[in-house]
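The structure under discussion appears below in the form of structure tokens.
We call the chains A, B, C, D, E and F, going by the order they appear; numbering starts again at 1 in every chain.
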Amino acid sequence: MCLAIPACVEEIVSEDCAIVNLSGIRREVSLALMENVEIGDYVIVHVGFALQKIDPLEAQQTLAMFAKMQNEDDPFADN
Amino acid sequence: MCLAIPACVEEIVSEDCAIVNLSGIRREVSLALMENVEIGDYVIVHVGFALQKIDPLEAQQTLAMFAKMQNEDDPFADN
Amino acid sequence: MKYIDEFRDGTLAKKIASAIKNEVNPNRRYQLMEFCGGHTHAISRYGIPDLLPGNVRMIHGPGCPVCVLPVGRIENAIRLAQQPGVILCSYGDMLRVPTDHGMSLLKIKAQGADVRMVYSSTDAVRIAQENPQHQVVFFAIGFETTTPPTAIAIKQAQAMGLNNFTVFCNHVLTPPAISHILQSPEVRQLGWVPLDGFIGPAHVSTIIGSHPYDYFAEEFQKPVVIAGFEPLDVMQAILMLIQQINQGRADVENEFTRAVTREGNLKAQYLVAEVFELRRVFEWRGLGWVPYSALRIKAAFADFDAEKRFQIPALSIADHKACECGAILRGIKQPQDCKIFGTVCTPDNPVGSCMVSSEGACAAHYSYGRFRQTA
Amino acid sequence: MKYIDEFRDGTLAKKIASAIKNEVNPNRRYQLMEFCGGHTHAISRYGIPDLLPGNVRMIHGPGCPVCVLPVGRIENAIRLAQQPGVILCSYGDMLRVPTDHGMSLLKIKAQGADVRMVYSSTDAVRIAQENPQHQVVFFAIGFETTTPPTAIAIKQAQAMGLNNFTVFCNHVLTPPAISHILQSPEVRQLGWVPLDGFIGPAHVSTIIGSHPYDYFAEEFQKPVVIAGFEPLDVMQAILMLIQQINQGRADVENEFTRAVTREGNLKAQYLVAEVFELRRVFEWRGLGWVPYSALRIKAAFADFDAEKRFQIPALSIADHKACECGAILRGIKQPQDCKIFGTVCTPDNPVGSCMVSSEGACAAHYSYGRFRQTA
Amino acid sequence: MKSTGKSVIAGNAAYVRPIDFKKGRVEMGHGGGGRMTMQLIDTLFLTAFDNDILRQMNDQACFSVPAGRMVMSTDSHVVSPLFFPGGDIGSLSVNGTINDVAMSGARPHYLSASFILEEGFPLSDLKRIVESMAKAAHSAGVPIITGDTKVVEKGKGDGVFITTTGVGSVPDGIHISSELARPGDKILLSGTLGDHGIAILSLRENLTFHTSVQSDTAALHELVASMIQAVPAIHVLRDPTRGGLATALNEIARQSGVGIKLREDKLPIHEQVRAACEFLGFDPLYVANEGKLIAICEPELADKLLQTMRASPLGRDAAIIGEVIADPHCFVQMETIFGGQRVVDWLSGEQLPRIC
Amino acid sequence: MKSTGKSVIAGNAAYVRPIDFKKGRVEMGHGGGGRMTMQLIDTLFLTAFDNDILRQMNDQACFSVPAGRMVMSTDSHVVSPLFFPGGDIGSLSVNGTINDVAMSGARPHYLSASFILEEGFPLSDLKRIVESMAKAAHSAGVPIITGDTKVVEKGKGDGVFITTTGVGSVPDGIHISSELARPGDKILLSGTLGDHGIAILSLRENLTFHTSVQSDTAALHELVASMIQAVPAIHVLRDPTRGGLATALNEIARQSGVGIKLREDKLPIHEQVRAACEFLGFDPLYVANEGKLIAICEPELADKLLQTMRASPLGRDAAIIGEVIADPHCFVQMETIFGGQRVVDWLSGEQLPRIC
């Protein structure tokens, strides 16, 4: 549900319009639902609209949480 | 110019409309330009309109005139 | 096919050919013009020249309404058809006729214009009924034969109260064109009229009757024989003309008595008179401006006049410089005398009016008679 | 793909799987519902069930807006699209969804209706601009994520003064649907709620924030973990839920902190509040009538409301008798418990809501997991 | 390569609702390559065309050939209306390509058939067409062994277009080609002119007239086989389809560098075809045929060939219609029923109904 | 059958105005069979495709074959847009049919090409397409030897549809067919998935996104030739075109009565194709390819086959992507990058861009 993809803002075309890039795929998106978007921000794109920025710090922390598990767990235990 | 074909009135559909037959090909034609058309009449048809009746007597006389030539002329003279 | 096949009998044709051969004076030329494309068609289609003595030559006249329509009017029709919301209807013959820059109704149809081929004027009225949101223009062409059906269409549309149907009227008249040929400066320049007699129209005459031709016979002292479009009719008319010429007569004779009366079709004539009126002058491709040679829609039917509704401009587009149609139509030159005949000007890419339809003098020669030239 | 590939790492998945295995109490069952089709998709697509202990079972919730749209509303859209002059725009997902008699927008498009697939609500506005002679209806579906773009489209149309653009609004709300499942008579009849915890929506929550879920955690004493749609997010959420359950907690936790805040996107919320208001009740396919679970267009924007302009009738079309969707959506039954699963009801010919999109419980099982059943 | 004989959806395709061939319509999904496409192929095409090679169901068909000369011919069929007196686009597409193969003297072996369907086209009509193809292929003994189905959006097609391709092999010692006409050769025509074209035109909007003329669509390979058996030295065979007799003869004249002289009085034409042509301002020489052939051979062999043709039901009305002459201009000429001569020129554009 | 070498309008066709390939458009007359048709064939098709067999200009093409097994394959091409990054409908129609012929292990010999043109289609585009076909056919060494041209009215076509049919011959001892996959066999893929489909989609109205992905359209017969030389015992070859890898594998599974197990981590996919699929809600397994092939062979031969494929530029990114298993349900399954399992089912209808 609600297919939405994080993509990097590459160019701000106008107040309500930006070009985002996802691994080389470039698309126009509307910024009408966003505030204070800057080039380099990652935004979640849904039906051509940016919905929310990705917080890079939080993302990093989540990934760190996943990584932490590696330590808690015996890598050979589940095989 | 003015492609027009004599065809036989086979059916009178309404005051202004008839079915004509030309050697088995049947078409609707308008009688809007004609008066006193009857079944069995031959009419000259142009762009879907009957233009004029064929006078069978006159036709016969014209053909007779052609035929007459046969008599006047030596059939071997022109070969 | 009754009243057709009897008039195409090859055996009878040879008899009439013998009669002609017997009748001609070998010491003179007989230049006979068939005005109508219908006669031209029969002559070409059946190879009638091969049955005629060498000193009897047929001159193909301007009697094809498609050929004589000036390029400016075709250009008008094309621009009309390109207007958004317009459906332009016309007879199949018109679709291929090119303008000076090679456009045609068929080509703009290919580009997306809504151009429809109709088989009858009343088809166009039906299309207007079925497409109330479109303006339907009937691009009307033709001689006296084709005019009454257009009058009927206009009266139908009026009766139905259609406000999306108009006629772009291009109907032209036969007698003024014949007069014009006989009176033309080119002919006068030569000091003699190179035409010895006329085969008069078949189907035009079913409508207008035979009496309008009396004038030519009297005024220009040229014999006229009204003839049917079947090849035996044409052969017989040629024989009758040669007989008149030999006898020094200049009468109007009627070979097509089976369908042509002196008065013609009065009902049709009244209808035409009700809806149309004479134009002071009209341009003919190949002939130029011919006085009182065409019809326009009367003011009473102005609502159905495309020239009024769409303010169609007068466009006069000159014929190609090399084109010899004028001289050919007057019997002074032959198609092969034209420098561009069969090279630049061909039936696929006609340049002049005589190449436009297969009934034009040049097209008929190209399509049916060309082998005689090369043989 | 940054922020995507890191969250699909197979090696990390195995680590989380180990952690889950270590965490689960083998003596109890964990029935966890992912509300969203996005989570269902990730679970099926990556084969997550194969990485979970046997006593951890995922219940696929009603979180696919296409699946839950009642057949009557699709029938309405079909009838709208069949009106002459109407262009109906919708997202690709909607086109294939069948009504009870097998019709769909795709099928009526094949019959000639003007149905257009759009990728964004603003495409529909553009189509209205480009087709002033047509009525353009945007068939709007979706949860809180998809609603703000519809609000933007309506405001754009208003700003442009478009009088040929309307929205057939079918936007629905997540929290009331979750409440409804937990409060349903079926669940109450069993005497226990067969759901031990919820994975909360990812993208819905980027708009509405995490705070609306506090209610469930408190009211029903069920833990909620808001999670992203990538498979590692789902794995992590499962772990977090099992930890809460084991610890006897019922908190709202947020795994998707990189995009979800407590408040959500306030700008989007204000826009939605400006344009839409709550419906007292709305029908959900598979769930029946759910109070305060959908939005309609406010009176101030009535000019853009297709329900007003086209007087769309209320149609309630009963689900197929054999369909077990209601029980499946509540965790009481599984797809293979339905008598017509995989025989009469297949993704090509869905009968019930859970078969409509690949995110539905039955379709996901058919398309991705069926081999487990036959193996 | 043996056939597995499977012709229903098996294995993991599981249950699918039967296709509604009464009320159903072509959908984009029928061309998507997925289960809908497979189901359409299985239940319609495979069932109708059923044969061992087709059942291989690879993207190509495999068959054995002896060494020798093969021919290949292809035609797209875009006829409108799709159903007409005497046939439909299905039988036409089978017969048309069989004939083009046969015009080399070859025995046609196999056909491929490729469909371009317009979204929304009634499946009942498609079924009728496919079954008509199957019947035509079966009665001709030329199986359809491979095919393709594409679907285009509504408004981007015209119901159905069918492209068929045929292969066949030329018997040893047979050399038939349009460049082999020689002055003195006789020209034979297997039957009446213009039946197909007039049958089609009679159904066109605006031109509606009633006629009992039927399309002559027919497979001519058996007729050809009997002809080359009787007269192996036939120089040219050609089926005068689009553009009619005039076009085919102009092509032959051009390719052989010769002239052609027709005898109008020898041309077999149905009375109704002549009448329809009079009404429309058409020349029957340019009207399409779909079950006729032109044969050209040395004058000494012409009578034998004529008798052979007349012995076959498809050559019943055969006639010697003219002869090949030397002419550097490659004119096709005709001696009219009047004894006059005319050119029978290439067609300019399409034939359009005329009023003048 | 010797060629006359004529490729310009000669004889009685006389002078015709040159076709305007800059501004001209397709007219109905180009399909009428008359002089316009002839001129288009002469100046465009014959000139571009020029070869001895085509120049016979009969309604069929004649060529010699040795005894043995032949294959025939046909496909209609209806791609929109007609021009796309990496190719156009012209090169696609040549390569597509060459590939279908080659997937039997056959060496493709000849192609036929049949055009359905929409009235009004720019002749400049047609010329570009025909020249692209000619180039593709030439570089593949597979001449186009016969063809057909039809014109449909504006609004009854979509610019141009091209149906190509190919014939080829299978080397002795080669038996490749989609029903020959056996449990234990390895499945190889010649390169990245979905490039063609994504290149096309990137140009679709409403979906416009920018990508540097190009269609992979390519003729694979040389690659196939090298593969069967190295490993004559290949069981199955198939090009995963419409419906993508998933569809081709489901077909093979069904035809062979086996299951298939893919390894997701082995699937070669361009980064941009993956990204575009994320945006559209597409699964790259179902996206079309036009220059890739699937090969199935016994496990012992798989590495040799892989090395051979990788040695060719068109197989550079080849990989072993899975294996054939016994499964009465004929499921295609995939082990995901997570180590979980999923079905890779038949496509339901078409893939449509999703928002949820």
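Note that contacts are C-beta pairs under 8 Å (C-beta built on N, C-alpha and C of every residue); 3 or more make two chains touch, one makes a residue touch a chain.
These numbers were taken from a predicted model, which means no experiment stands behind them.
*Asks:* On the document's contact criterion, could you list the chains that touch chain B and likewise touch chain E?
*Replies:* Joint contacts, listed by label: C.
*Asks:* Touching chain A and chain F alike: which chains?
*Replies:* D
*Asks:* Could you quickly compare B-C and C-E and let me know which has more C-beta contacts?
*Replies:* B-C
*Asks:* By mean C-alpha coordinates, which chain is most distant from chain B?
*Replies:* Centre of mass proxy via C-alpha means gives A as farthest from chain B.
*Asks:* If I list every residue number at the interface of chain E and chain F, are over half of them used by both copies, so same, or under half, so different?
*Replies:* On the two sides of the chain F and chain E interface, the residue numbers are mostly the same, over half being shared.
*Asks:* Compute the centre of every chain as the mean of its C-alpha atoms, then state which one is farthest from the centre of chain C.
*Replies:* A
*Asks:* For chain D and chain E, what's the span in angstrom between their mean Cα positions?
*Replies:* Computed from C-alpha means, the inter-chain centre distance equals 55 Å.
*Asks:* Take the average of all CA coordinates in chain A, do the same for chain D, and state the distance between these two points in whole angstrom.
*Replies:* 21
*Asks:* How many angstrom lie between the centres of chain D and chain F, each centre taken as the mean Cα position?
*Replies:* It comes to 39 Å between the two C-alpha centres.
*Asks:* So the centre of each chain is just the mean of its C-alpha atoms; given that, what is the distance between chain E and chain F in Å?
*Replies:* Using C-alpha averages as centres, the distance is 27 Å.
*Asks:* Would you please write down the residue numbers of chain A that are in contact with two or more other chains?
*Replies:* 1-3, 5, 22-23, 46-47
*Asks:* Which positions in chain D are in touch with at least two other chains?
*Replies:* Only 1, 4, 14, 37-38, 64-65, 91, 96, 106, 119, 123, 142, 146, 348, 359 qualify.
*Asks:* Show the residues in chain E shared as contacts by 2 or more other chains, in ascending order.
*Replies:* 27-29, 35-36, 271, 274-275, 278, 281, 329, 331, 343, 345, 348-349, 354-356
*Asks:* Going by the touch rule stated at the top, which chains touch which?
*Replies:* Listed in label order, the chain pairs in contact are A-D, A-F, B-C, B-E, C-E, C-F, D-E, D-F, E-F.
*Asks:* Can you name the residues of chain C that touch chain E in the complex?
*Replies:* 1, 4, 8, 10, 13-14, 37-38, 44-51, 64-66, 91-93, 95-96, 106, 117-119, 123, 142, 146, 231, 347-348, 357, 359, 366-372, 374
*Asks:* Residue numbers of chain B touching chain E in their complex, please.
*Replies:* Residues in contact with chain E: 1-3, 5, 22-28, 45-47.
*Asks:* Can you check the complex and tell me which residues of chain F touch chain A?
*Replies:* These residues of chain F touch chain A: 208-212, 271-272, 274-276, 278-279, 281, 354-356.
*Asks:* Applying the document's contact rule, which stretches of chain F touch chain D when the two form their complex?
*Replies:* Within the complex, chain F touches chain D at residues 206-207, 265, 271, 274-275, 278, 281, 327, 329, 331, 333, 335-343, 345, 348-349, 352-356.
*Asks:* Residues of chain E touching chain D in their complex?
*Replies:* By the definition above, chain E touches chain D via 14-17, 25-29, 35-36, 119-120, 154.
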